[in-house]
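I'd like to ask some things about the structure below.
To keep things simple, chains are lettered A, B, C and D as they appear, and every chain counts its residues starting from 1.
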Amino acid sequence: MIGVGIIGYGYWGPNLVRNFFETPGCRVVSVADLRAERLAKVTPRYPTVETTTNVDDVLRDPRIDAIAIATPVSSHFDLAMRALAAGKHVFVEKPMTADPEQAQRLVDEAERRGLVLAVDHTFVHTAAVRKIRELTDTGQLGDIYYYDSVRINLGLFQHDVSVIWDLAVHDLSIMDYVLREQPVAVSASGIGHVPGQPEDMAYVTLHFDTSLMAHVHVNWLAPVKVRRTLIGGSRKMIVYDDLEPSEKIKVYDKGITINGDHATGANGNGNGNGHRHALLVGYRAGDVWSPQLELTEALSVEIKDFLGAIERNAQPIVDGHAGLRVVRLLDAATESLRAMGRPIELSSNRCSV
Amino acid sequence: MIGVGIIGYGYWGPNLVRNFFETPGCRVVSVADLRAERLAKVTPRYPTVETTTNVDDVLRDPRIDAIAIATPVSSHFDLAMRALAAGKHVFVEKPMTADPEQAQRLVDEAERRGLVLAVDHTFVHTAAVRKIRELTDTGQLGDIYYYDSVRINLGLFQHDVSVIWDLAVHDLSIMDYVLREQPVAVSASGIGHVPGQPEDMAYVTLHFDTSLMAHVHVNWLAPVKVRRTLIGGSRKMIVYDDLEPSEKIKVYDKGITINGDHATGANGNGNGNGHRHALLVGYRAGDVWSPQLELTEALSVEIKDFLGAIERNAQPIVDGHAGLRVVRLLDAATESLRAMGRPIELSSNRCSV
Amino acid sequence: MIGVGIIGYGYWGPNLVRNFFETPGCRVVSVADLRAERLAKVTPRYPTVETTTNVDDVLRDPRIDAIAIATPVSSHFDLAMRALAAGKHVFVEKPMTADPEQAQRLVDEAERRGLVLAVDHTFVHTAAVRKIRELTDTGQLGDIYYYDSVRINLGLFQHDVSVIWDLAVHDLSIMDYVLREQPVAVSASGIGHVPGQPEDMAYVTLHFDTSLMAHVHVNWLAPVKVRRTLIGGSRKMIVYDDLEPSEKIKVYDKGITINGDHATGANGNGNGNGHRHALLVGYRAGDVWSPQLELTEALSVEIKDFLGAIERNAQPIVDGHAGLRVVRLLDAATESLRAMGRPIELSSNRCSV
Amino acid sequence: MIGVGIIGYGYWGPNLVRNFFETPGCRVVSVADLRAERLAKVTPRYPTVETTTNVDDVLRDPRIDAIAIATPVSSHFDLAMRALAAGKHVFVEKPMTADPEQAQRLVDEAERRGLVLAVDHTFVHTAAVRKIRELTDTGQLGDIYYYDSVRINLGLFQHDVSVIWDLAVHDLSIMDYVLREQPVAVSASGIGHVPGQPEDMAYVTLHFDTSLMAHVHVNWLAPVKVRRTLIGGSRKMIVYDDLEPSEKIKVYDKGITINGDHATGANGNGNGNGHRHALLVGYRAGDVWSPQLELTEALSVEIKDFLGAIERNAQPIVDGHAGLRVVRLLDAATESLRAMGRPIELSSNRCSV
């Protein structure tokens, strides 16, 4: 029976408590939050769970083996490091830390101590994203040509981080899981419309040294809510719409066919200077298929994976390295954004996978 | 009665012939195309219209006052310049020319000769775009925060120009008409997936020196067809979906409200280090309104405007300057695309509006 | 402080307990259900609420002024009658009773005793339906031409009543509230596909003695979920889609215009026998408007209305008469369904409004 | 080379002329219409086609082997009968005739003379409907449970026939082709809102002596255009949306599973009288599949079938019997509509298939 402590009972903390509470094999020992009025909501629902406004009560508790951290980003590093130092396994909210150096130090510390360090990239554990990875891993899409995501809505709930750290982190973590390729450069553009507040809209482009390109559009000031990702492959293409109640994923048997023969270009020329040789590019349009997805809650899948990693002394699906890779991208995107989109190279020491 | 000659009877030429044919006040005298098999389709439908494979027959014809050019981009400059030199008014397909210098020379030549030079930015003349300009011009949107457009589908019909020159040109011309602000820099990223062929997908960002930001996503390799533009303003926001059979434009009475009072930030902090002062940002969500649009054909509106400009010796709605501005953006975007998204500044001599 | 008892803690009961619990001015005293395992879920969430498997404990409790009944339809009459006999106000789930005679007897008993009898036609209290009634009441739709509703999905959760009593009851209660006209006849057709089980799909038509017609399509065996209502008026038309996360209601400024002049019919006749005189029928197509709706929970609005009716000794918005009218329609529809759609007249004694 | 004459050049006639003109193996000899101004449009497009305002010129022309009739319904019988009497094969617009007796007489006459009699049920020849028949014929849907169609829009273009004869005819002809079962009774309800004009909205229910039920909703006064058909089977279900530019057909691997075991009913009972034995009804939800459809024009497919039937002396896909069956249903639906939905039985002599 793994003893669990949760730090932070704001927006996401209650989901963590509920899921750890309902997962066999662990016991929620206590919940810490600075605000007593938040803790007051814990007891009526979970009479057996202790609460405290002093985070040290959790960090020092010998009954606690693992600590989940759901506080603002700026505090992730300090809390996670203290938890590791106290010999606890750590499950930390996304983004893992406020900068890559912090993330690297957590990775090193966890490895040195042989502790599990998991990062809560929740979307990775959804049935939709797992199905997408299955489709890419088994080669059904062919070579991946692009990953394009739009994640926009009306809602400016973050004051401490920009829309990139708040929303693009989801797409970067999904890409990290699905594509298994590391970008060589990042460029980003964005703008804020509220004085003194971080950027509320941004575009992030990831450059790879293959035929792949990735792009994310995030926006807190959009009139409509969109959660739509296109993944183009040489064989098939996916549309993943997370707002669809069913049919979240559609697989299109569409694409181009390239005929190696040189041939006369098709687009003749009314005033032109003759014919040109060109590859014959054709189009395929076949069936569309929407696979039925499991009805599991991502967070529940993820917590079972975390607890299993502790028990088996193994790596969780989203480990500290994955968290670090995503923080590096967020950091580079922010740097590019300040430079009007200038591409930031991800040198090997930036992104040592 | 204005005599009209049309050069190029490929994809778009037949639309020009039909619309000029049906517009009162002008007469289609002749159509030129290099390919006789195309011209063979003209006569049965328009028995009174002459055809020729020799473009000089059109350029020299004294019955012809105005020439419409619907040939590949690379030939626009040469044909338009010869038409102007022959004293003809010119209506040229988008993009106006293959580079800004050519466009500038056409503008200068037309002005020197007092001839009308119109560029076929067709979308500008749609009922939808005219309605959007009406909404922005009358201040109903407030300050414009962003223009975001997605124009994607499966179809790689251009071998001589990239997807930017083929598809983004539409958005750049709409923005030029609607926003009335000139960008200070452009950055673009893109990639091609067919060896030897131009880029088939690209992202173009326009930077302004105001609170405005613009972005265009174009793609010939998408599994679904999308033609959707979001325009965010401080008062209202627009979603313009050109594929909607009706309700192409929706106006959302949504946005943020900013309260000048300093106040305690809302996002408390489970482990935190106290409170911060922040602007209070609230959200407005009101009615949605979809204005009924006129059922006019854009090309017909445009041709009437061109003929009217000839008759009144006035500027057409989309004149050579507009065509030049758009070519400058396309050119800068292409330069940025070759440099992995490095922002290209639009110096005053690049973009002397 | 009104004391409240709830009978039935199955599918809907927990919603009632939660809403009564959160509504000021009342106190949930106890909850009864035959199954102890259901009651076991009450205490942890509501430690102050008593539970019992004996319904008489609730009926006899002097601290209880009002009883909410959320049990299967077949038990509504007996429980409601016993509650009224015990001097309690009653809030009963839809459909009110299993037949019109039972409903009439409850109406009579409540009136005799001066007790409030409310029926839980939840949809009537949604922001969408209240907005629709506002639009019809203020004459913005003009004369109502039709009410057409589709309420289908995959899910056969009722074994004791047909899909008409389960799903069409919603539309009949909305119509009763919005249209304020009583049908003169009902016809219905339906079929069941599981041996021994009630009809799983049905079509119900309501005939009025005006220009109005109403129709409801309900189905438990549909591959997609649809909740869509069209309301046509002489001035405007409404599309009400309850599955839309926003823009649930769209108001179309569309319709026909009738020109009184006699004129030559427009549809000429290739082989014809001359011209005919006809009314000129034209079409109007104007703007579409989607009003912003309040974000209230219908059940909360409804419970406040019930408690207010008790306090002010007034009629609730959906009183026993409304419940009776709907049961009469359900009963007549069922009779017609057994007779292959034969219209069943609603005689004055059937439908004494 | 089959000589073809076309009678009627109004709304549909030009489509017939164009398609016959473009189909190899036939020659359009002449077109007749009462109105000279319509015929004036024929010559410029088809200089080789003769025109006449005298229908007898077509009927008597020895160069003409087959006659296509695209005139108002009321004239179909007379023209078709005269064409058959003149020894011509006949292709007649839907609905075949204004009443079943006329249709029967045409069937008899064509058979007596050994001439091909085809009815233009265009939708039957679309790629979508052919795919649906393939799916039903191969048993992929299992037993068919229902056919439900909505065909509504704003547009009241018919003055001589009701919306049933104008719109429901499409669904009845599709059902006749796809389901291959004959209904035993029809009931219909409808209403007209323009004085002196036919019904502009109607609901038609078809009763079968199997587990099948069919229903059609047609309306000329709807604010939105809908063309959507649901077909439920015991194995799979189809949604056919003719307005979708792609993915017109979706096949859902959804349905119910019935377990023969008697078991305790699932819907327990708060006040109840114990348990009941019930069939266990479960739900299946699997993948969704949208087959790619051929890009053929239905009318072209149909005309080739008609010409092929003439050449091979065979029956066309939609022969006079099919046209007769549909007219019988339209006739019975109209009778029921006048009787407030009273079911009209289709006796063997009404519907001798």
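Observations on the structure shown:
Criterion: a residue touches a chain if its C-beta (ideal position, glycine included) is under 8 Å from a C-beta of that chain, and two chains touch if they have at least 3 such contacts.
None of the values given here were measured: they were computed from a predicted structure.
Counting every residue number used by either copy at the chain B-chain C contact, over half are found in both chains. Ranked by how far their CA centres sit from the centre of chain D, the chains are topped by A. Separation between the centroids of chain C and chain D, computed from CA atoms only, is 36 Å. Taking each chain's centre as the average of its CA atoms, chain B and chain D sit 44 Å apart. With centres set at the average Cα position, the gap from chain B to chain C is 51 Å.
Multi-chain contact residues of chain C (touching two or more other chains) are listed as 285. The part of chain D that touches chain A in the complex is made up of residues 246-247, 253, 285-292. Only residues 44-45, 47, 225, 243, 245 of chain A touch chain C when the two sit together in their complex. Only residues 7-11, 13, 32-35, 38, 55, 69-72, 75, 78-79, 145-146, 148, 150, 152, 154-160, 185, 187, 189-191, 193-197, 201, 203, 205, 207, 211, 213, 215, 217, 219, 221-224, 230, 232, 234, 237-239, 250, 252, 254-256, 258, 265-273, 276, 278-279, 281, 283, 285, 340-343 of chain C touch chain D when the two sit together in their complex.
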